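Shared chain: chain A. Partners: chain B in the first complex, chain C in the second.
What follows is the complex of A and B.
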């Protein structure tokens, strides 16, 4: 369903899984009942779910929401709340669009359901962040979700309403699902770098460089959130900063591209994308950049998802 | 001295190596019973270079037996899979995504029970012992021959898998049980699949081990017997009976390591041109490049770490279709080449016949292919060359020329240059590179699991993981002084508190040779 022309009654429900995709989610697999349980619980809170929107198109969550929509026999919006992969819920679009993520329903790896309620008149949620409204709700939910992930199996289903379908165009990042599936087809069929070029040109993307991974500093190893790896070949030296996502690429020391641009690190033979934790020493890779998908609140998006939101001390550079 | 043996679909090769020198080579046709081919090859070695059987320190065998059994869905045990997990994972039960014909061949049945752990090692739920007994009894009545047990996060905490093995051992004392934590790494479905494959091969593994043992002993050799593993290291034959899956795809690693040793070229493409297929892989700094994505085996997703190899259906036994256009393969006479090929007096035009007609090889009776049309021979060679060039090109990750090392009996069919790639190097003893790779193999120990690292203890935890990998290599037969860490990585698990880290360490060492010089060791 195109979010820009959606006129149906009812609400769009955001669905996704927060936690560690490689590790807990590949061992303690979902039972399959989690998403329906979440939507059912939301219904009891008055949410009339008529469409599903992925929390984020990046990684596991893009496909998870599509599978959930199929399971629930609901349409899926060609949109998400992040335009890429993002680690923190308060970076997601409702947090800067005046839409509260509360009440939210969480379902853990044991199938237990939790409701994170919104503020009531009787007892307002204490606002520890000096922020107000949807931003504060986003921060609050983020902290609760982290705690639940730690306390349970390492991942948790997150769901909440993003508002009525007729107004959803003001909240979401549109057209990211079909864009991602288009790129998936392109990469799966790619035989050579030159074969990729026309598709990059068509979107204003580019190849930042290729070569082999010559050094890796993993994120989190010394307590620091950000890690990096270098790519060297006969050409310039690339340095890619990463947390769980690829965040910035410097070429010979000068910043070439940063989040929220889409930074892809591809296996140089198969052209299939690699995750940050799959980067290995001596692997042959290609680094590409694509312009970000943008929501209507463009400036707020770039601010909330730019380098500073990841704790990096430089300005956003988009291709 | 060591003996390396490679039992392929078409040929059984053997080499006798003294240190890094190849002192005798033998090539026989693979026989249906396998042992006869090996016996013949060992006798040939003895004739070429008489040796005292007591001077043989080790015999290493690479075999495609287990892989073939899986691909052909033949000789597999009736296998059940039991997963300890509930309430988690129910959406994707065992055998999800398996090809139907393999499920049928295994008489597959999957069972889910309460159990499993979280990433921290905490229990998801208690093991359902009563339920396990009931399933065991049902499986016994159904005639199940082998059982695979997997438990969520068993690489972190294996208590439920061990307990399940005890319970099943009481109910079904004669049915072998394969435990996932001993076989695979993190990633439940892929580890479970590997465990099921292992379970399905257990009965065959006993037969193969007995046959290999029998034929080597019959030749008077009392040295320990090892089988090559997927990563190019070896495992002793007793252990293989419990873990056949770890040896089932050793061919590519053996041929590539053999090619590196024989040619001395450390950065190149390797084409292993066999009887039925040709495998293309890449060597960097002497080591095979590994696949980054999940490896599918006979249509089953697994997470084995294996060399990145592509196969094309061209081999010495490939049928040549006169066309037009002339096309080689994909059909093949396989090990029947020695009866069906024209140069052997047969009635089928094969790639080998073309090679003999073109003067690239001298096998069989050349006069029997003298009548072949020159254009046909030329076109067939060109088809093979261009398809190999395409395959090698698809493996490249950088522009420019690089050498191609051709090994395997069929590599005589390669041209001197591959168009758009580079020169083709064929080292001495190219035809037996697989057996050489087997003979020079080392032993390894590996650790790959999630560790919970207390604050400030990262270095200590890494040291513990390294020590564990070294201990495992020594336990597998490595000489302690030779063991070195060849690969390690520690990856904090994203979104979890910093202490949860996946640590991967691999240690490799030279085989410890226990010299037990038997006095009766004489030239038989």
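What follows is the complex of A and C.
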């Protein structure tokens, strides 16, 4: 369902998993009942779910929302709340679009359900504007989810309403699902860097560089949450800063591209994308950048998802 | 220019410094450092060319190190220095980038304390030229506190020792006045007027660093002569020495001029008394001897008349007179410089010939830089003859001034009829009448006499007379009107003009 032309009654429900996406999720498999359970619980809170939207198109959550929609026999919006992958709930679009993420329903790996309710009376929330209120709710939900993830063993399903379908175009980052699947096909079929080039040109993307990973500093090693690796060949020296996502690329010390642009690190042999934790010393990689998919609230989006939101002290640079 | 290699030269640092970027251990010799800056990791200071950044602390913004290396490259800064305690941060991608961009990145084995110590020492090292300036000033102050040196030579020797190069001093577009051992001549182009700041590589393949200075109207140059391939830092240091030294030299010459004037007027007074015969001969001789003025014995008088007043000319002449292989006396007199060569006994014709040749050499040397004429009188004995000989020499110099440049040297022996006529005006019957004729002018002041003489000398041209006197035309015209009135003469009359002219000439050098 195209979010920009959606006119159906009812609401769109955001679905996704919060927590560590790689380790715990493969050790503690979902039963498959978690997403329907979450939507059912939301229904009891008065949410009339008529469509599903993924929290984030990046990683596991993009596909998880599609699977959930199939289970629930609901359409999927071609959109998400982040335009990429983001680590914190308060970076997601409802937080700066005046839409509260509360009430939210959390379901853990054991099927236990939690409701995080909204404020019972307006006066208790010190923020006076709707926007500030939604941001505060986002921060609150993020805190709760972090605590729950720690307490319940690795991951938790998060779901909440993002408002009526007729107004959802103001909240979501549109057209990211089809864009992602298109790029999935392009990368699966890519045989060479030159084969990739027409698609990059068409989207305004570019190859930032290629070579082997010559040094790597993993996030968290010295207590800092940001790590980096360098890519060098005969040409310029690339430095990629990363946390769970790739956040910035500097070419010969000059910042060339930063979040929220989509920074992809591809295996130079298979052209399949690598996650930050999959980067290995001496691996041959290609670093590409694509312009971000932008929601209507473009400036707020760049501010919430730019380098500063990851604790990096420089301005956003988009391709 | 100080290089990074110089800063790292002390073994204590050299053994502990590891160059990560910029071509390894050879790099520091190519990197010049003009400033050592302490930088806190994560800072965003604007960098300038030549900055060596000594980085303290760490930052969670790891990218900052790469950005710093890039900024160093882009700004032309000298490089980055960190301590090994922070190697985990700085030694990673930033070091790789430094290698790639050719930026000097020095890892100093040790802690931040060592960095701080290095920075302090490096700063002192960079300040060394200014500390050397302090040495110069101290030396100058010491020199000024002491007795004024007899000549500039020992002072130049001091300057020379400070920079390890020869130092010289000369009149702008004129002769060389003093120089250290190694200098024999300085090419004219080095003595020419120039725009300060630029060093000159002259035809003789030496590099000349010069500083002009003035004493009164006279312009001098203090210069250093360096080998053409001298390093830039040596040239700068020489520039500082001549700049500071010129202040001292200017003062020295000003004092010399003053001393010269005092001595000159004392000598002139004694000479006037001797010529007038008014003082007892015995006391006069003693005073003359005290002032270095030999009045007895044989002499050959000369007179040097510069076209325009040249302050400091006395030094130039004293220096030039070294050529003469006999004792000479020189004193400012009658708007020029009078002097004589002293002989203990009657000189032979050959000896006289030799001395005149020397005097001619003195003229040639001086005339290279200064427009001047020189007259030489006849040799003779005794004070009376000296008076006549000096007057002769002066007349000869005046006659010489009318000749072509470079040939303004006249010996009174060759004057013939001119000399005879001039000497007649000094005869006993003429003088009292001349003085009587001009007596009414005495009330008006000496400048009226000079004005009238200049006016007649310049064939009644007020403009020419004004130029000679250094006054305005109207002043000359006004004075001439006044003189006409007081003397009751008609300057339109040829005879009256001639009479006045002769009278003025005859009485010119006598107290009225």
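Quick note on the criterion: the second predicted complex is superposed on the first by the 308 of 319 C-alpha atoms of A that agree within 3 Å, B and C clash if a C-alpha of one lies under 4 Å from a C-alpha of the other, contacts with A are read in each partner's own complex, and residues count from 1 in each chain.
Assume contacts are C-beta pairs under 8 Å (C-beta built on N, C-alpha and C of every residue); 3 or more make two chains touch, one makes a residue touch a chain.
This is a predicted model, so every value here is computed, not measured.
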Are chain B and chain C a fit on chain A, or do they clash, once the structures share the same frame? fit
Is A:143 touching anything from chain B or chain C once the two structures are fitted on A? First, second, both or neither. neither
Using the superposition on chain A described above, determine whether A:303 touches chain B (first), chain C (second), both, or neither. neither
What is the contact status of A:110 with respect to chain B (first) and chain C (second): first, second, both, or neither? first
Please work out whether A:203 is in contact with chain B alone, chain C alone, both, or neither, and reply first, second, both or neither. neither
Classify the contacts of A:20 with the two partner chains as first (chain B alone), second (chain C alone), both, or neither. first
After the superposition on A, what does A:277 contact: first (chain B), second (chain C), both or neither? first
Should A:40 be classified as contacting the first partner (chain B), the second (chain C), both, or neither? neither
Is A:170 contacted by the first partner chain B, the second partner chain C, both or neither? neither
For the overlaid complexes, name the partner, chain B or chain C, with more touching residues on chain A. B
May I ask you to decide whether A:248 touches chain B, chain C, both, or neither, giving the answer as first, second, both or neither? second
Tell me the angle subtended at the Cα centre of chain A by the Cα centres of chain B and chain C, rounded to the nearest 10 °. 100
Quick check: superposed on A, how many Å separate the nearest Cα atoms of chain B and chain C? 15
Please give the residue numbers of chain B that touch chain A in the complex, ascending. 85, 87-92, 116, 118-119, 124, 152-153, 186-189, 284, 292-293, 308, 394-398, 450, 458, 489-498, 500-502
Partner chain B, residues of chain A touching it in the complex: 18-24, 26-33, 87, 109-111, 146, 149-150, 152-154, 191, 211-212, 218-221, 223, 233, 243-244, 267-270, 272, 274, 276-278, 280-284
Quick one: which bits of chain C touch chain A in the complex? Just the residue numbers, please. 42, 60-64, 66-67, 69-71, 73, 88, 92-93, 96-97, 100-101
Per the touch rule, the chain A residues reaching chain C in their complex are 214-215, 217, 222, 224, 226, 228, 230, 232, 236-237, 239, 241, 248, 250, 252-255, 311-314
